[in-house]
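Down below are the structures I want you to see.
Two complexes follow with subunit A in common, the first pairing it with subunit B and the second with subunit C.
== the complex of A and B ==
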């Protein structure tokens, strides 16, 4: 019962909310999509929080994504014990970096009166979410080592089963509590993306890499004027 | 040739009285909101001084603008690599302390205070935290050289003056200052646009106004660093950057921007310049001593038939071409060569030009007192109170010759007019300077008229915006002919 709720109901609800919510927020509440940087109000301590946090989280995100998308490659890599150890230690390092950054960010926000002016209830929620997620992750890494190896053989099939609409709760039911908490909180996190500042990672500016530096927009451009849909005999209908 | 039109401006610094009316007009219309209190899209600073935000010109601190790199240029503190790398913490971004903490006074307290022995006072409180604060800085804290030890002496433009020159500049008896009103320059090669990772900032094709799309801005804050003039501000409340929008709703309806309309000294001129967009990169990357000349060369003569033809072919409206022909900016910048860009070395190709101040350079001191006899008062610009180098650092990337030529022209006009109205100067004392800058009497009179006696319509020649034609980019108006009224655009077909 509980298992069905947490490992079938919750994931599907979260993914639906993520999809519908993000699209709605992006198109209807575009003004509210922002990373809400607070560097302007406090710029020095942010450095020690934001940088370790973001780089840590980015590495972990891609780590999880790799294990999910190409589990075979990860298993192959892990064949050599030394490589397995290197991977685990690096991942743990990034987790600690994220945790350190997060703690810095939290103390910075509570210490600094100016930042209270831009702190919402949702920001507090975001901090709690992230703490749960990172601490449970470190807990898993510490007490159930070699995650990169067993993730591919147990969690990947579970996640795959979700995406193929044949959810397999049995795998999750056998998992240790730490893993269960980590997974549940991950799905809550995903579901909350449209309602929190998490939305900013969906709008990471990839387009910048390929675009021209200068952007010019024309309100009126002769070359871009539309022709009439009621074209008769190849005669271009003029606008005025 | 890719001819485009640009709304450009001239500020005549000799006429600025430092009244800050422009700043207040702008504040009342645009930035009197939570999160924007500290923004001064228009600000007026005293020079020498550190300006607003403090030391904005010092790109060693803020890394704004472009720098030359081989044959081309690159953003100094932003760009694809640096920008994306520094997104989580931008090391060169000015923070609140570099501006000031906005405050108000607790006026209610004057009325609501309990009865007591002391007179109630209105204490200053922060507009961010609501807590009582002691204001320690403001947008024009060093107005009229207030606290010059702290401010004027730290002016970045005086940095490369010799110790003796600096000492002379700050002697009490010799000190001089002028005002520098600043708004966004709506640059041809805007660093803010290039630095924005989201692509939220753009230049409008028709009139060159640079705007930030508030829906696309994601608070990556790169424009704040990249704009060397620090004219893009971060709204801490909404989490969006904002900047001067040249009152585009006013300009589109034929009105002058509020700061210009309200300017008490009538120092501001606005009009169209036609330029060749193909040359932007080459001009922005040229050698530093050529910058001003090349920059001014990019603007084209709107009376030249070839230019008119190419402009038309490029979709520039006839009304815009006419405006360009009557543009007061064209006269000051190109025809008379009296106006120069502020800090051309930032390589953004700004479109706001300044007629440099002649007054502080005119009077000079000899034997401890002002020399007021006419020959020396009207005399040598080279012996001026304000070092020429200082002005050159502001307006011509250090090229003193350029500044000197402009000042000599201004001086020639004055001498000529004095001759006309008072007539007490010997003929050759007037003709000498006039000939030196190759100016004829008609030109001098025209400069005088546009400087001192311009009517509103002489100062502001604003082209029609032709928004009605903008519609045609979205759809063919022929398709919706016979449509009903407002609010939706659907063919008037009978329902089923």
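== the complex of A and C ==
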């Protein structure tokens, strides 16, 4: 009954909002096109949460993109059972990594008062979205083997049908609940990109590759430098 | 006046074109969606023979049943439950067709029922006379197993059956669990039913997967033969369950990733820039 809403209306609404919203945010609130960093407020736990989370999410993002853009290659890869298992196990490992990282980040934010002070309602929403997305993804991987194979054969035609403006909702209507939740939350996620910190995945600091060196003055501990055994006359010492 | 004439002419041309395009819609839908499991006057397949079905049930009942047989059964409709029980408790997949489209299909069925008046038996008990598996050998079963597991690529491409389906067979190393377990499918549907479904899948997920990669006649026979052998030999098979191993290795991969992130980025500045500045005076005080 709600199939048309969830699998036709929502995707188009989400993609439209993503396009219009991102352009709007970039031109009107250019400085805010970022994920407000909290590394300055807390760095140690951020390291153990952010690394595994981003590694997991980036691998999974490109995995899904591959199955969508070149399904034929994925089907050929999956033809040999051992290769299929290797792909699935690796993907599950990255999913666990993303989940672990996310849980670390969530507990870090709730634990630290100074982080809580800079947390917005939308950040909490982002955590809920990501948790839903990752848990439903693991649920799919666990109960509906083998995702890489049937994504390429059955879900790609649905996604393609959206982009060719001939949406075929019948495929999604027959999918298990776990897959439906995963897909719906993915589209909500896409639609919310312009309003949340998700926006930072649209901007990459490519300028860093070609920019000139910058002089950065760390906090120099003069005493440490004076007493350092590494200090060589005529060579500028490196602090930190 | 000329303009009015032209408009009238255009209207007629439009109606004519529309009629040509849509006249066969009922037949097309029937062949595409219904023919995998139903015949008109040629006996039962997976579902009942639909000959004269429009005389046996009212149009409203048929339209609602075709749109969602599950909902009809759940609502406690006696006829729907009787059909469900009679046909091995296989639910007919729900359809997304509009009322108008279904009525076109029903019209086509009643039309075709008239044509087949003399020839078919019209009953629901008779099965097709010839079994497609009557001349199959062990070779067919082997070829079918290769297609099922993905070792052999189907002529027109397409994914291995084991991507989504599971069977109780030690030879199949990795079976999917998205779709139905096919270990008992032969007992439930018989060779004609399996062949019909494989040839033109009435399920949209499977239909999407094989839309551009249809299986050949020979591949369908091989697969059906294989599924029969699975059903016959299932009590001797003890396939390994890889589910727990899957999760175990997933955790192993996670640990590898986690350790890599730590090793690769360990020298990275983990503490805020002001940490040293803030901690320095405390050293002096202590």
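In this section, the second predicted complex is superposed on the first by the 204 of 240 C-alpha atoms of A that agree within 3 Å, B and C clash if a C-alpha of one lies under 4 Å from a C-alpha of the other, contacts with A are read in each partner's own complex, and residues count from 1 in each chain.
Note that in this section a contact is a pair of C-beta atoms (placed from the backbone, for glycine too) under 8 Å apart; a residue touches a chain by one contact, two chains touch by 3 or more.
Bear in mind the structure is a predicted one, so any value in this text is a computation, not a measurement.
Engineer: Go through the superposed model and pick first if A:175 touches only subunit B, second if only subunit C, both, or neither.
Structural biologist: Touch status of A:175: second partner only.
Engineer: In the overlay, answer first, second, both or neither for which of subunit B and subunit C A:36 touches.
Structural biologist: First partner only, subunit B.
Engineer: With the two structures laid over each other on chain A, which partner does A:215 touch: subunit B (first), subunit C (second), both, or neither?
Structural biologist: first
Engineer: With the two structures laid over each other on chain A, which partner does A:142 touch: subunit B (first), subunit C (second), both, or neither?
Structural biologist: In the superposed model, A:142 contacts subunit C only, not subunit B.
Engineer: Considering only the touch criterion stated at the top, classify A:158 as touching first (subunit B), second (subunit C), both, or neither.
Structural biologist: second
Engineer: Contacts for A:88 in the overlay, against subunit B (first) and subunit C (second): which applies, first, second, both or neither?
Structural biologist: It touches subunit C, and subunit B stays clear.
Engineer: Based on the superposed arrangement, let me know which partner A:97 touches: subunit B (first), subunit C (second), both, or neither?
Structural biologist: After superposing on A, A:97 lies in contact with subunit C but is clear of subunit B.
Engineer: Give one of first, second, both or neither to describe whether A:120 is in contact with subunit B, with subunit C, with both, or with none.
Structural biologist: neither
Engineer: Taking the superposition on A as described, I'd like to know which of subunit B and subunit C A:78 touches: first, second, both or neither.
Structural biologist: It touches subunit C, and subunit B stays clear.
Engineer: Identify the overlap between the subunit B-contacting and the subunit C-contacting residues of subunit A.
Structural biologist: Overlap of subunit B and subunit C footprints on subunit A: residues 39-43, 47, 51, 55, 218-219, 221, 240.
Engineer: Please give the residue numbers of subunit C that touch subunit A in the complex, ascending.
Structural biologist: 93-94, 96, 149-151, 153, 157-160, 162-164, 173-178, 203-206, 208-209, 211, 242-243, 246-247, 249-254, 256-258, 261-262, 265, 268-277, 280
Engineer: Which stretch or stretches of subunit A touch subunit C in the complex?
Structural biologist: Contact set of subunit A toward subunit C: 3, 39-44, 47-48, 51-52, 55-56, 72, 75, 78-82, 84-85, 88-90, 92-97, 100, 142-146, 149-150, 152-154, 157-158, 168-171, 173-176, 218-219, 221, 240.
Engineer: Under the stated contact criterion, what part of subunit B meets subunit A in this complex?
Structural biologist: Going by the criterion above, the answer is residues 75, 79-80, 83-84, 88-91, 93, 95-96, 128-129, 131, 189-190, 193-194, 196-199, 201-206, 214-221, 234, 236-240, 280, 315, 466-467, 469-470, 472-479.
Engineer: Considering the complex alone, what residue numbers of subunit A touch subunit B?
Structural biologist: On the subunit A side, the touching residues are 30-31, 33-43, 46-47, 50-51, 53-55, 113-114, 116-118, 200, 203, 205, 207-209, 211, 213-230, 237-240.
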